[in-house]
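Below you will find the structure I want to go over with you.
First chain written, first letter: the chains are A, B and C, and each begins at residue 1.
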Amino acid sequence: MKSHTVKLLLDIQERMEFVNITPRVEDAVRDSGVREGLCLVNAMHITASVFINDDEPGLHRDYKRWLEELAPFDPSPERYHHNRTGEDNADAHHKRQIMGREVVVAITDGRLDFGPWEQIFYGEFDGRRQKRVLIKIIGD
Amino acid sequence: MKSHTVKLLLDIQERMEFVNITPRVEDAVRDSGVREGLCLVNAMHITASVFINDDEPGLHRDYKRWLEELAPFDPSPERYHHNRTGEDNADAHHKRQIMGREVVVAITDGRLDFGPWEQIFYGEFDGRRQKRVLIKIIGD
Amino acid sequence: MKSHTVKLLLDIQERMEFVNITPRVEDAVRDSGVREGLCLVNAMHITASVFINDDEPGLHRDYKRWLEELAPFDPSPERYHHNRTGEDNADAHHKRQIMGREVVVAITDGRLDFGPWEQIFYGEFDGRRQKRVLIKIIGD
């Protein structure tokens, strides 16, 4: 069994931002030499997500508005107890649970085994600094 | 390490529909010959989910109503920017994020290692056509 | 390829309760002898979640209030069809879908390959009895 580990560094400019990391995951799969296996991609931060969906700017705008409705940013200590610790990012911990921490993707014939529109995104909800994504590949 | 890949074809009659695919995943596990390993099951579409829960029609009815409240179907270009592209399925992209893209299930002694009520469902939110599910099994 | 399977037993006192199971998952990883691989941790119940987030009591209080807003406990048969079966836990099946069933964590150099704040929780939404968590580790 082969394994391969990559940690991506991402400079996230906005508080809430989605970055298409599919090409970098494809690079990791190619470098791994794995032909048949599984590829885990996860956020290493607890206010961020890795998710698979469409690379369409209107949809991403819709997601951001919707997540803001479901878990509004509110740095005050009233809405979120978490923000009584001096943090202001309780909303980001909630948004991340909606969008998920990780994806697991099949590798078949040496490539990500994707449907036609699947793309992998890093989704950050408390950004404006450098962030990390873990890629772990196992297989033969 | 063994690996086994199956793509299920499903004819989805309704816009929103849940299909119990557990027997077909069990078939794939048996065909794989894997005794100890992991089984990934994922939707190959970005308006659909694979999830594990109860096979109880009342619960499925509840899920559909709840998802419709959280992300209502609205083909107009006002509510969802995604629907300005000519699509009408922005709601389906949102519902899918709540229910998730994939499940990973342990294989122990050659079988899906499940709790008593766990069943695997394909959940479609923009159906009325043929859809695909990927099963990827790795192990020994 | 090595594999290792552990089933944790948890005594859940409250209806909704989060338990940090990270030390027990770390024990399983050490016992497995796997240096490079994947670790699946999943709830064996369909009214419960395994999720990764911060071990901060204020945040957990926020999650509980938020999940109660998104899917309120209501044992009557009016709100949830599922509760016409004699159950009172339809809300728990909904809360579990928000928080997820499982996590998959990379194992690198014999340890869970975590970002600085990642901790693994069992989240129960219909507790007050003994519950089970499955840990499945594969790798070399």
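Here is the rule we use: a contact is a pair of C-beta atoms (placed from the backbone, for glycine too) under 8 Å apart; a residue touches a chain by one contact, two chains touch by 3 or more.
All values reported here derive from a predicted model rather than from experimental measurement.
Asks: Kindly list which chains stay connected to each other once subunit B is removed from the assembly in thought.
Replies: Subunit B out, touching clusters collapse to one piece.
Asks: Please tell me whether the contact surfaces of subunit B and subunit C are same or different in residue numbering, using the over-half criterion.
Replies: The interface of subunit B with subunit C is built from mostly unshared positions.
Asks: Could you state the distance in Å from the CA-based centre of subunit B to that of subunit C?
Replies: Using C-alpha averages as centres, the distance is 20 Å.
Asks: Can you list every residue of subunit C that touches 2 or more other chains, as numbers and ranges?
Replies: Counting only residues that touch two or more other chains, subunit C contributes 1, 38, 70, 98, 100, 104, 138.
Asks: Along subunit C, where are the residues that touch subunit B in the complex?
Replies: Subunit C residues touching subunit B: 1, 3, 5, 38, 40, 42-46, 70-71, 80-85, 90, 93-94, 96-98, 100-102, 104, 132, 134, 136, 138.
Asks: Where on subunit C does subunit A make contact in their complex?
Replies: Residues 1, 36-38, 51-54, 56-59, 61-63, 66, 70, 98-100, 103-106, 108, 113-118, 138-140 of subunit C touch subunit A in their complex.
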